[in-house]
Amino acid sequence: GGQKPGSEAKTPEEPKDPEVIKIGHAVALTGDASIWGQSESNALKMWVNKVNDQGGIDGKKIQLVTYDTRADSVEAVNVAKRMIEQDKVVAIIGAAQSGVTIAMTAVTEPAKIPLISTTATNPEVTVKDGVVRPHTFRVCFIDPFQGTVAAQFASTKLGAKTAAVLYDVGSDYSSWLAQYFIEAFEKMGGTVLGKEAFRTGELDYRAMLGKLKEGKPDVVFIPTAQKEAALAMKQARDLGYEGKFLGGDNWGSPDIIELGGSAVEGGYFVNLASLEDPDIQDFIAEYRAEYGSDPVLPNPVMAIDALIVLVEAIKKAGSTDGGAIAKAIEEIKDLEALTGKITYDPATHNPLNKPAIIQQIKDGQFIYVEKYVTS
Amino acid sequence: MLLQTAITGLAIGGIYALMAVGYSLVFSVLNFSNFAHGSVIMLGAYAGYFILTKAGASFPVALAGSMVAGAVLGITNERLAYRPLRVRNARPLYFMISAMGVAIFLENLVYATLGAHFYSYPEVLGRSIVRIGGASIGILDLFALAFSSVAITGLHLFLHRTKSGLAIRACSFDMTVASVFGVRIDRTVGLVFGLAGALAGLSGIFLGMKYMAYPTMGWITNKAYVAAVIGGLGSLPGAVIGGIVLGLLETFVSVYVSSIIRDVFSFSALVLVLLAMPNGLMGKYVEEKI
Amino acid sequence: MLAFAECIRLSKHFGGVRAVNDLSFKVDEGEILGLIGPNGAGKTTVFNLLTGFYRPTSGSMLFRGRELSGLTPPDIVGLGIARTFQNIRLFSNLSVLDNVRSVLYRHARYGFVEALLRSPRVRLCERHVHEKAMEYLEEVGLADRAHDRASHLPYGLQRKLELARALALEPVLLLLDEPAAGMNPEESMNLVELIRDIREKHNLTVILIEHHMDVVMTLSHRIVVMNFGEKLMEGSPEEVQSDVRVIEAYLGEEYAGAYRR
Amino acid sequence: MYIQGVLTVAMINIISTAGLAVFTGFTGLFSLGHAAFMAVGAYTSAILTYFVKAPYLLALAAGVLASCFLSALVGYPTLRTRLRGDYFAIATIGMGEATRVILENLKITQGARGLPGITQYTTLPVAAAAAAVVLLLARNMLASVYGRNAVAVREDAVAAEMSGIHLLRTRMISLVFSAGCAGLAGGLYAHYLAFIQPVMFTMVQSTQITAAVVCGGTGSLTGPALAAFVFTVAPELLRAAQMWRLVIYGLMLVLIMVFRPQGLMGYRDLSWQGVLSLSDRLRKSVAGGKDGKG
Amino acid sequence: MLTVDSLSVFYGRIRALDGVSVSVNEGEIVSIIGPNGAGKSTLLWTIMGVNKPSGGSLWWKGERLLPVPSWVAARGISMVPERRRLFDNLTVRENLLIGAYLRKWDASVKKDMETVFRLFPILRERLGQYAGTLSGGEQQMLAIGRAMMGRPALLLFDEPSLGLAPALASEVFRAIQRIREEGTTCLLAEQNAYKALEMADRAYVMNVGRVAIQGSGKEVLANPEVRAAYLGIKAGAS
C-alpha cells in the first residue's frame, strides 16, 4: 500500500503531433536491475535515433517515452497507465521482468496497446490459461526452453547424472525455471536429488545447501539473481561441496564475479546473448563509440530487437491502431533483427528458434561456450 | 547431518545474538526500540569494505575501523535524533519513530548515493573450512563466534562491574536524578550509543564478510529484534539466548521441515513464547509496585 | 453477620519478604477504617491485593461475601472498590477534566457500533459524562482548573484530582493511600473535611492509610495497626494511641497521646 | 483521468493512515506491520471477486474481517501485559514476514507472481466515499468512551487498569479497528490497481503509513489524513525526487520528532476540542471536495 | 555559602518562582515552608541545576552556579528529592553507590555505607532488593542515605518526612540534625512546618513563588500568621 503512481518522466508532455509516433519504454533505471536497464535505455535511444535518421517510420519520427519501473510491478502498472492515458503511446517496449510484464498487461490489454517484452522469459507473459494475450509479445526465448537447454547441457556436456536445485520462492522467474529444469533433467534420465528454496532478500542458505549437499549431486542448478547465486555458491563451497554449478540468464552480470570471487569460478549458465556473438559485433562497436563502454547484455540487444519488430509491424499495418499493429506482429516472418531472424508463433506470441547461449565463468570472465538453436 | 545443522544454526544464531545485544543495550537504557541499529550495522559493513579495499588496510585495522565507524555513527545518531527528545522527556513512542526515521534515511541515502550495488569483501580470512566430525564450519564463522562471545561477555562485565556501567543503568531509570548525583548524562548516553554502535560495526563487518555489503542489509536486523523479544526485551543475556535459539530453530526447520515456511515458524515461536512467558525467555518478572 | 469487606488470613510474600502475613480484619459498612503502621508494614500491599494488582500468596478477601482473589482489577472496580495511589498516578498529559472523564466509562451506555455512528444516545451520554466530570471536580474544588494539564497542578491538588477520579468510579468502598501526604496541617484539615463530606454524600466505606496522625485520628472510627505484615492491634483511635506496642513501633514517644481529644 | 488515479490512491492512503492514527496516535502503540493487514484485506477481497466472483462490497467486507482476525491473533499475546507496546511492534515485523511467506506459497494467491487481472471496481467516488466514512467513524470512535479509554491506557496503563479500564480490550479494540481500516484500504487498492503481489506489502509500505501519521500529528486524526493526501500527491508533482523520496521521508520523521513532535499540522497533541472541530471542518471540506470532483 | 538572588523560574508560561532570594550559611539548617505549589521544590531543583532560571542568579562560595546538575553535584551539593526518585531498577546497594558516584570507590565509601546503616538499619537487610519494591518509608531512608553517600557540603531535603510514619519522621529529623552536626549544611523544604521550624536556624516562608516571611526559626515559629496558616493553630489556642 501507499504506493504512488507515476515515475520519472524523461520526456516532457507535448501536444499530440501527427508527425510523431510515440513508443513507450518501461525499464528499470534504478534498483537492483538498473545495471541492465540503464544500458538498455542507452541502446534503445541510440537505435531510435538511427531509425529516425533513416527516415523514421514512413516519414514519421519515433519519439521514445521512457519511464523508470524500478523493476517494481506496481510502479510498472502506474507507468503503463501513464504512458497510455497521458502520453498516448502506440505501443510499449518492456518490461524486462516476467512478473512486472504480466502486471503491466492488466493495463495494456484492456487498452489494446501492444506490449513487447525484452527478456520476460516466463510463458505466462504471453499466454494466460492456454489463451494468448492478444496484444502482448516478447523477443526472447521462454523458460521451458531455457530450462531444457540447461538440463541438456548438464546431462550431455557435463555428464551429470544427479542434480540439486536451489531457488528463490519470492521470484516467479526462479520458481518456474527451477520447475522447467527439473522436468527436463528428469526426462533426460537424470535424478534430481533435492529441491530447496529461500526467499528473496535472505542471505544464508547453508541450511538448505547442507541438505542438498548430502547426496553429492553432480551439479547444483541455481536459477536466481546474481547476488543470491554468488552467495549460494560461496556458502556451498564453505560447506565442502565440490561439484559444478549451473544457472540461468540472470547470472549474466559482471557482479556475479565480483560477489562470488573464487567460488563462482567454473560455473556455467544459459544466456540470451553474448558479447562474443559474431552477429552483434557492429552494434557493440557503435555502442562503445557512443557511450564509451560495453553494453550490459542481453537487455540492450533484446530491446533493439523489440524496436525492430515494432517498426516493421507499424510499417506493415500502415496504422498506429493497437489491434492492427498486434496483428502485423503475429504475421512477422524471418525478420532480420539484431540477434538473428525472428518469426512469430501466432499461437503463443513467442519468437521461434531464438538461440540460447551457454557461457562459463572462467578467470573472472564470461566465456562463450556454445549456442543452442533448437526450440 | 544433525551435527552440521546444529553447527550451522549456531553460526547463524551467533550473528543474530551479536546484533540483538546492541539493540537490547539501547533498549535497556533508553527504553525504546532503536530501529536504526540495523542501519548502523549496514554502514559498519560498508566502512569495513572500504577500509579493506580502498584503503588497502589489513583485517584487524578494518575490524577496528568498522567498530569505530559504528560507534561514531551511533553517537551522532543519538546527538541529532534522540538527544533533543531526551531533553524534552518525550514518550518512548517518539524515540521509536525518530529511530525509524533514521533507519529509513540512512538506508535510502546509501541507496541514492552508492546505488544498489553489492560490495563483496575480499577473502581476507581465506575460504578454509574447519571440519568437526563430518560437519564443517567456515573459519570466518568460528572467528565471528569467538569474537562475539568476547564482546558480549565484556559488555556484561562492563555494565555490572564498573562505575560507568552502574551510571548507565541508573540513567536507564531516571536521568534527571542520575545527573543530580554527578552522572554526566550526555556522556553516559553517548557511551551507550558508542558501545551499541561498536557492536553494530562488529556485526556489520562480519555480516559483510560472510555475505556482502548492500543498502538494505539492515533488514537482517529484523531477525535480531525478534530474537531480542524471544529472549526478553532489554535483557542482554536474553538477547544472546534469543539469538541462538532463533538461529537453531530456523536451521532445524529449514532442514527437517521446510526452508520455505521457516519464517512462519520463527514468527509462531515468537507468539508462543510471548503467550507462555509474556516477558520473553529471560525477561525477569519483577512484580511492579505501585 | 456478613462483614462488608474482610480479609481472612491474607498473605503476600515477595521471595523472602513477607509483606503481608496472615492478616485478618473486617470493615463494616459506612465506617472509616484507619490502616496505620510503620513504613514497610504492608499497608499499600493490602491495597494492592484488594484491588487485584497482586494475587495473594494465600488467604482470602471477601467483599460483600464475594471472593476477590483471582479477579482482575477492572472486575474489582466493577464491584465498587476504588483507590488512590501513594505515588500519585494521574494521566499527567491530559487535562484535569479528561482525567475524570476517562474513568466515567460507566456512564457511556452505548456499544461500539453506536459509538462509531455517534447516535443521539451517544451524544446524550457524552454530554452527561461531561457534566458528571464537572460535578466531581467541583466537589473537590478543582472545577476552575478543569482545563489545566494535570501535571501542572501542584502536588496537593494532584492528590485532590486523584480523589475526584476515584470518586468518579462510584465506589462503595474507597481506599485512600496517604491522601494527606505532602500537605501541611492546615491543608490536611481541609482534606479531613472534604473526606467527611464525600463519605456522607456518597455513602462510602473508607479504608484510609495515612501517616498524618491528626488526620487518621480525627477521621477513623476504628484503626487497624500493622507491623511486619501482621496485625499488631486494632481498636478505637483512643485505644490505639495509648497502646504501648503502637507507640513503640509506630508513633514514637513524642506523639503518644498528642491527638487525644 | 490520470489525476483521478492519483486521487484514488490518495483516498486509499487516507484510509490506512487514519486507521494507524487511531492506533499509534491515540493508543500510543507502534506497528511495523500495517502493510500486512493491507495485504490480507487485498488478497481476501481480490480472491473473492476473482475466483468466486463475489459482489464487490461483500468481498471488501470479507477483507476487512480477515485483517481484523489477523490483528487479533497477533495482538492477543503481545498486548496482554502492562508493558509497553514494543513487544507488539516487534511481533508485527514477524507477522509481516510470515504473512508474505504464506502469500508467496499459497496456490490461490499465485505465489510471488501475484494476482493480475482483478476487476477495477474502485473508482474515485468509491474511494472518496470510503475515506469519508472511515474518517467519520474514526472521529466518532475517538470522541467516544473507546477513544478515551485508549488515551488513558496510553498515558498510564497501570492507573487505567486500576480505574477499571481493560487494558487488553482497549488496545485490542483500537488495533482491530485500525487493522480493519488497513484491510479496507488493501481491498480498495487491489481493485484499483487490478493487480496485487506479495512484495507490494513490505515493511517499507508500513513505514510510509507511519510517516504520514507522524507528520500529520500523533494525537490527531485529520492531520494524518491530510499528510497521507499530501504524501501521495506531492511525489507526483516532484517527480525528480523519486530516488530521494524515502530519504526525505526519513529525514522528515526525525526532524518532526526533534522540532515539532505534535506533527506538522500543529494540533495540540491532546486537544479533543481541536480535533473535533478540525475534523468537523475537514468532514465538510471532504464532502464539498467530493461533490466538486466526482 | 549559598546565595540565591532574586531568582525567577518559568514552566512554559507559568511563573513558579518570582524574584526569590534565599541564603544559606555554612553549618546552618535552613527551612523553607509554604503551601502546595509555593515553589519550594522548584527552588531546590533550580539550585541543583535541573530547572533553568530565567532571571536572577545563584552563588556558591563566591562562584556562580551553572545550571548543570553534574557540575553542581561536583561542587558538593546533593539532594533528597521530593517523592524520593530512587533508581527502582537498581538494588539498594547500587543506589547508595550512585550517591558516591563522584568519589573514588574505596574503603571510605564502605565506611560511609556503614554510617548510613547505623542511621537506617533496615537498609542493610534490604541491600540486595530492588529499590522500587521498598516500602515508602524504606525508600525515603534510602533516598537520604543515597544523598549522604556523596559527603556533600550542602544537602537539600525536599519534604523528607513525606509519607513517613510519625516515629520515623522524628527519626529522620533527628538524622538531619545529626547530619548537620557532622558538618553538612542543610536546606530543608517541608510541609511538616512545626518540625521544620523548630530545628531550623533560619527559615523562609514561601507563597505563590515569592518569599513572604523570613527570619530565625524561632521568630518564624512565633509568627502568628505562620501559626494560623501553616501550623493549624488558631490565635489564642495553645
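Chains here go by letter, A, B, C, D and E, matching the order in which they are written, and residues are numbered from 1 within each.
Just so we're on the same page, a contact is a pair of C-beta atoms (placed from the backbone, for glycine too) under 8 Å apart; a residue touches a chain by one contact, two chains touch by 3 or more.
Predicted model, so just to flag it, every value in this text is computed and none were measured.
Touch-path distance (fewest steps) from chain A to chain D is 1. The highest number of C-beta contact pairs joins the chains B-D. Note: the chain lying farthest from chain D is E, by mean C-alpha position. In this assembly, A is the chain whose CA centroid lies farthest from the centroid of chain C.
A straight line joining the Cα centres of chain A and chain E is 77 Å long. Put simply, the C-alpha centre of chain C and that of chain E have 29 angstrom between them. Mean C-alpha position of chain D lies 50 Å from that of chain E. Chain C and chain D have CA centres that are 41 Å apart. Residue positions of chain E touching 2 or more other chains: 133. Multi-chain contact residues of chain B (touching two or more other chains) are listed as 219, 260, 262-263, 287-290.
Annotation for chain A: residues touching 2 or more other chains are 30, 169, 199. Contact residues on chain C toward chain D in their complex (touch as defined above): 51, 53, 72-74, 77-78, 82-83, 85, 89-95, 98, 101-105, 108, 110, 112, 115-118, 122, 126, 129, 165-166, 169. The touching residues of chain E, when paired with chain B in their complex, are 48-50, 69-70, 72-74, 78-79, 81, 85-90, 94, 97-99, 101-102, 105, 130, 132-133, 146, 150. The part of chain D that touches chain C in the complex is made up of residues 137, 140-141, 143-146, 148-149, 151-152, 155-156, 158-166, 173, 269-270, 272.
Touching chain C in their complex are the following residues of chain E: 11, 14, 33, 35-37, 41, 82-83, 122, 129, 133-138, 140-141, 159, 162-171, 191-194, 229-232.
Residue ranges of chain B in contact with chain D, taken from their complex: 27, 31-33, 35, 80-81, 84-85, 88, 90-98, 100-109, 111-112, 219, 222, 225-226, 228-229, 233, 260-264, 266-268, 270-272, 274-275, 278-279, 288, 290.
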